[in-house]
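For clarity, chains are labelled A, B, C and D in written order, and residue numbers in each chain start from 1.
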Amino acid sequence: MASQALTTALDGFRIEVPSWGFANTGTRFGKFAQAAAATSIEEKFADAGQVHALTGASPTVALHVLWDMPNGVADVPKIRELEQRYGVKAGSINPNLFQAQEYKFGSMSNPDPAIRRHALDHLLESIEIAKALGSRDISIWDADGSNYPGTQSIKRRIEWLEEILVTAHEATSEDQRLLIEYKPFEPAFYHTDIADWGMALHLARKAGPRAKVLVDTGHHALGTNIEQIVAWLLHVDALGGFHFNDRKYADDDLTIGSIDPYQVFRIFHEILSAPAAATEGVAYMIDQSHNLKGKMEAMVQSVVTAQELFARAALVDRATLATLQDNCALVEAEECFRDAFWTDVRPAVKAWREDRGLPASPLLSLKESGYVEKAAAARGAKNAGSVSSYA
Amino acid sequence: MASQALTTALDGFRIEVPSWGFANTGTRFGKFAQAAAATSIEEKFADAGQVHALTGASPTVALHVLWDMPNGVADVPKIRELEQRYGVKAGSINPNLFQAQEYKFGSMSNPDPAIRRHALDHLLESIEIAKALGSRDISIWDADGSNYPGTQSIKRRIEWLEEILVTAHEATSEDQRLLIEYKPFEPAFYHTDIADWGMALHLARKAGPRAKVLVDTGHHALGTNIEQIVAWLLHVDALGGFHFNDRKYADDDLTIGSIDPYQVFRIFHEILSAPAAATEGVAYMIDQSHNLKGKMEAMVQSVVTAQELFARAALVDRATLATLQDNCALVEAEECFRDAFWTDVRPAVKAWREDRGLPASPLLSLKESGYVEKAAAARGAKNAGSVSSYA
Amino acid sequence: MASQALTTALDGFRIEVPSWGFANTGTRFGKFAQAAAATSIEEKFADAGQVHALTGASPTVALHVLWDMPNGVADVPKIRELEQRYGVKAGSINPNLFQAQEYKFGSMSNPDPAIRRHALDHLLESIEIAKALGSRDISIWDADGSNYPGTQSIKRRIEWLEEILVTAHEATSEDQRLLIEYKPFEPAFYHTDIADWGMALHLARKAGPRAKVLVDTGHHALGTNIEQIVAWLLHVDALGGFHFNDRKYADDDLTIGSIDPYQVFRIFHEILSAPAAATEGVAYMIDQSHNLKGKMEAMVQSVVTAQELFARAALVDRATLATLQDNCALVEAEECFRDAFWTDVRPAVKAWREDRGLPASPLLSLKESGYVEKAAAARGAKNAGSVSSYA
Amino acid sequence: MASQALTTALDGFRIEVPSWGFANTGTRFGKFAQAAAATSIEEKFADAGQVHALTGASPTVALHVLWDMPNGVADVPKIRELEQRYGVKAGSINPNLFQAQEYKFGSMSNPDPAIRRHALDHLLESIEIAKALGSRDISIWDADGSNYPGTQSIKRRIEWLEEILVTAHEATSEDQRLLIEYKPFEPAFYHTDIADWGMALHLARKAGPRAKVLVDTGHHALGTNIEQIVAWLLHVDALGGFHFNDRKYADDDLTIGSIDPYQVFRIFHEILSAPAAATEGVAYMIDQSHNLKGKMEAMVQSVVTAQELFARAALVDRATLATLQDNCALVEAEECFRDAFWTDVRPAVKAWREDRGLPASPLLSLKESGYVEKAAAARGAKNAGSVSSYA
């Protein structure tokens, strides 16, 4: 059952974990603190290293500049050391353009040129950090927008955004990429400056050849056909990568495949249908917010789920499918497609893990390792600070 | 132009403001602090009093138990004094069933009976506070739910909820009401225990005759016909009141009528179409989160907008409309209906204000009063604590 | 692998096929005629009989009164004969309250009492037909509503609807049921008189004890948690049955499980979680519109997919799951739940079929039988009438 | 009150009516025939002429090739004569790529090259018709897509589409334009080949400089900020025009502004905010389906509503607004913006009509003219053919 297609697929599949996925997060209504949550960049690296040790599939960790490297480039040596110590490397670099009080009415498209300059400076610093760390990708999430009709000029904000992204792109080196994310709403509730893939694509092209589009699977209106957008971005050679998560309503940031696993399978199918050359640079990244699940359990579960869904997609008999599609043999095509989805790949993935010297069941091994309990003991007091109690 | 219908409508229109609407709020991505935001229950009363002084239409302020009365019933004398000093009364009492760490997996429908007991105790305390303050309404927002399929038993949680609400209802006095709110998602992202009006209605009936349904206009799936739900709740004598706000996407908590003013008009039309007896107890309350707009400006604007939209709805010629509806004269009925919506009631509302000794233009008077600047000077340092800076 | 749970589940699983599912259908933009589509009630029975012969799981066929029994009760002997000849029985009876020109502005809630009387008469005739055929269920889909705000009185239409349903219920015999369907929009585009489960539940209760709610899985706003509604309807003993289909956008009437198979699994899980007594009357029915897929292929595929997803749901270890839910062991509960979903039940279902003397692969057997080709030859000329050509 | 801005705006505002808007239409559940509906191209021209005579704002009528000119270019002289007789000119030309049986699995992106060639031929014929009629715009609505995951290759269909559009563009003359429409779903229910503005923009650019994007206001996922898309299309010089209509749920094809008038105002504001040069070619067209409203009444109402909302948008004090936007004076900016929306422009529009020798109240004049009754008398028998009766 561990077919060659599946083995090749699993050998080539890597998914980046986010440093912020190990720290406490919440909703606007509050945060439920976990004793074992990471409270420092070192703890985040330790956790990410453990996930990779268990799964063999997450060798890099995404960093959020303000949260993980508050001293900017000066923090690079520390990160280098953590990479060595914990066996995972720094991955994509994420500027923070939404947290500072200055950004109340926008960062890159704020009407105030001084604030736009702040935003640009932070972007440029992030690019420098990425260079120093050898990180290829700078992932730009622009949270800007407006909350009420008429309160901002949509058009002028486009122009400001273009200007900054062009300048940022000029600062990148040949082997770097700017990934431009889009999102329809939240935290802005009337208009978001980069609301959909069409806007992100325009900006990426305006910025330059090393700018690509970043697809966060939770950033679409309900009903949107995400795999079609993926196919289009591949078609126009502009797919930079993914922030994977799942949702039922809005940007719920749930575990990948937890609500609609068939959709993830379809996304992977589009990628596997494209020429290898078109997809080799595509970055798979997790961007989730586990408010209730245990951080470590959820991250291991996420990586495993991604692997299994990728393996299912790898099993699609694409040659047969193409013929059935050409013949408009709808039911047969659908059955061919779903045969792969319904195949229980778990035994084969387990076999692959054992072949590669990895734990057969990463979640079980995590549990048996006592890692979470130890982390809770070591970090509990630090996390307790954010814990209030009703009693 | 200041027709009798309009005068009567405005004389009878009252809308409650929320204490939390004067304090800093934000999204899960952060909070932009305002220097003039209220930092204490006294400041909230001062602000609410000012809104009422300017509009004459917001004589009560909703209180959030944990935030406004941390000592419970012991805080009642203090509230009494603030009512006197600032000329607004305590309105609905809002228990807090979402903030304590114990509520991570639910409050009233937590699988742990001890936690459910905590939630019940808080409800009972809230009812006691309401009695002591002479507040008719206890507004219950149940934030409980689950984030992932299979992780909780939907059915058993219904039973737990029923049990608690029955007990809480027993504790209310004859002149009190339990208002049960519903919401489809957030902060729970897979299922919310009270997700729609049908669930809230069942629970209200199970609880007892003094339990009614609370409609938050932002708590519906996109596309939902909210005025139809209002008509149904009136039909079954179960409409308790409203939390007004507007939204374009999810529970965006924007200013009433800022995105879809025609919808608010239609809601008011349903209420004005019902027999007066059926609607006299309906509570109009604002529940908004002005993350970017100035708190005071936004609240005055909200009250004024609500007045104007209510005035428009009061102008509908309902007798003529009924005949046109009976005759299925669609275009004529629609034109009759919209004639009221398109009427510019602002001059008439201004005239009504002057007749009642109120400022003709509340927003302008607020600006000229310098109230916000004085508040900022007095409160700025306290609010600065939550302000971080990029520079 | 063919566990006892699975065998019991499959032995007990029956899903009704709709007569109209074998005839040509389309969208408002046109109809693509199929040569093999059924053009008469006899051909529909022949097709339904063939589906049942292949799957062993669809022993009844839903009838649409106007389309299948234009002479009303007088057509009963003919139906009886077809039941005998084709080995499937008449199932639910579906009145038609949307097609007649009189119903332009509504049927049961038309402002014109004469038209409401027409609608009632048709309901009463449908009940008589059902009695004569021994059909338990009359499925009422009320397509009424309005297209523009203000053009109809939402409230008065509720009253008219109540009145008719009470009268209809009185006409039912003890062993009959009225199933009341809800739908948020289409063909009405502003308000639909029975828009959601809360409205349907109220009307069912008003009508009487033999009225229940019918859930069409395509009749919800995007994002709605359908399995939660199922759990609630079971909780209040009001779940009458299902019209199964799938959709990505609106009421797309696609094949069950073709867009979101996990959702169907979750619905079945809620049913299997309820006490057997609460669910024994629940009717499973298909209501799909295969505009492009071959009618027979699609129907066989639908029944097989329903069986397989029901089998998956039957494998959930509900005792273990309940404990994990009680302990709020989220990841473990989810893994327990999904273990059943990911199990490849196809070999076991195939084994069950062989045990029961059924074709191991119904779709393959359909193909090998040449049934569709024969039908096309016999019916092609009749279907060609509706075929126009560009050339 | 009839300010210069408003007069200029009204003098320059023209909106095209669709020939198909005068004929009977319906939903997939049936069609309610109107006695006065147009049954021939002559009657459609007569109706359009009457709408223009009443409003002075709809001098052109959009034609649907297959329905209105079944003989193609040979029908041009007849159309010329109708233009003369009824005082309205042929406007945009609409190919029909969805009705022929050959198009079951697609037209321009059908896997069968012969069918793609049919589609291209029809496009080329439509371009020739447009040339012969002196029509600038060919409006291409591509209804193609697929209903089930895996049944078609999304990617290859993009390539086929590009190929055809490039060829069609080559056939256009310098003063012609191809308008490419997008739509997320219906009649295709899994993927639509041109699903959003990003896809339409790519195809327009691929096709050539005379291809632009056509925005149908009903063709977006719920929640989409349409005015932002308009601003973007203006920014990239690719806005070709609009198909105006309103909706609450899907592509409901309701009267413009009947559900959300504020949204139409915001769209017009974006256009009026752009440089005149950028918007002078933008085509305003109505595309509605009045299944229940009287055809003529609804069309007159649509044109009048569009005029009034355009007039409101013309009143926005854009210089003041820009300053307030720059200052992030949110509440003041919003009040400035909405001051125009809330202004009752009806008296001023009436005055403008009288100045221009038009009926002060087009709807009233239509009623008094007896036009509809006369049309019903003349056309009733022809329309009765499609009327069936329940009785």
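Definition applied: a contact is a pair of C-beta atoms (placed from the backbone, for glycine too) under 8 Å apart; a residue touches a chain by one contact, two chains touch by 3 or more.
A quick note: this is a predicted structure, and the numbers were derived from the prediction, not measured.
Participant: Please tell me whether the contact surfaces of chain A and chain D are same or different in residue numbering, using the over-half criterion.
Facilitator: The interface of chain A with chain D is built from mostly shared positions.
Participant: Which pair wins on C-beta contacts, A-C or A-B?
Facilitator: Comparing A-C with A-B, the pair joined by more C-beta contacts is A-B.
Participant: With chain centres taken as the means of their Cα atoms, state the distance from chain A to chain C in Å.
Facilitator: 40
Participant: Please compute the C-alpha centroid of chain A, do the same for chain B, then give the distance between them in whole Å.
Facilitator: 37
Participant: Can you list every residue of chain A that touches 2 or more other chains, as numbers and ranges?
Facilitator: Chain A, residues with two or more chain partners: 104-105, 147-149, 184-185, 190, 222-223, 225, 248-249, 258-259, 262, 292-293, 330, 334.
Participant: Have a look at which chains touch which and call the overall pattern line, ring, star, complete or other.
Facilitator: Topology of touching chains reads as complete, every chain touching all others.
Participant: What residues of chain B sit close enough to touch chain C in their complex?
Facilitator: Residues in contact with chain C: 104-105, 111-112, 147-155, 158-159, 184-185, 190-191, 195-199, 201-202, 220-225, 227-228, 231-232, 234-236, 262, 266, 269-270, 273-274, 316, 321-322, 324-328, 330, 333-334, 336-338.
Participant: Please give the residue numbers of chain C that touch chain D in the complex, ascending.
Facilitator: Touch residues, chain C against chain D: 25-30, 32-33, 98-105, 118, 122, 143, 147-149, 184-187, 189-190, 222, 247-250, 252, 254-255, 258-259, 291-293, 387-391.
Participant: Going by the contact rule at the top, pick out the chain D residues touching chain B in the complex.
Facilitator: Interface residues on the chain D side: 222-223, 225, 248-249, 258-262, 292-294, 297-298, 301, 308, 330-331, 334-335, 342-344, 346, 363.
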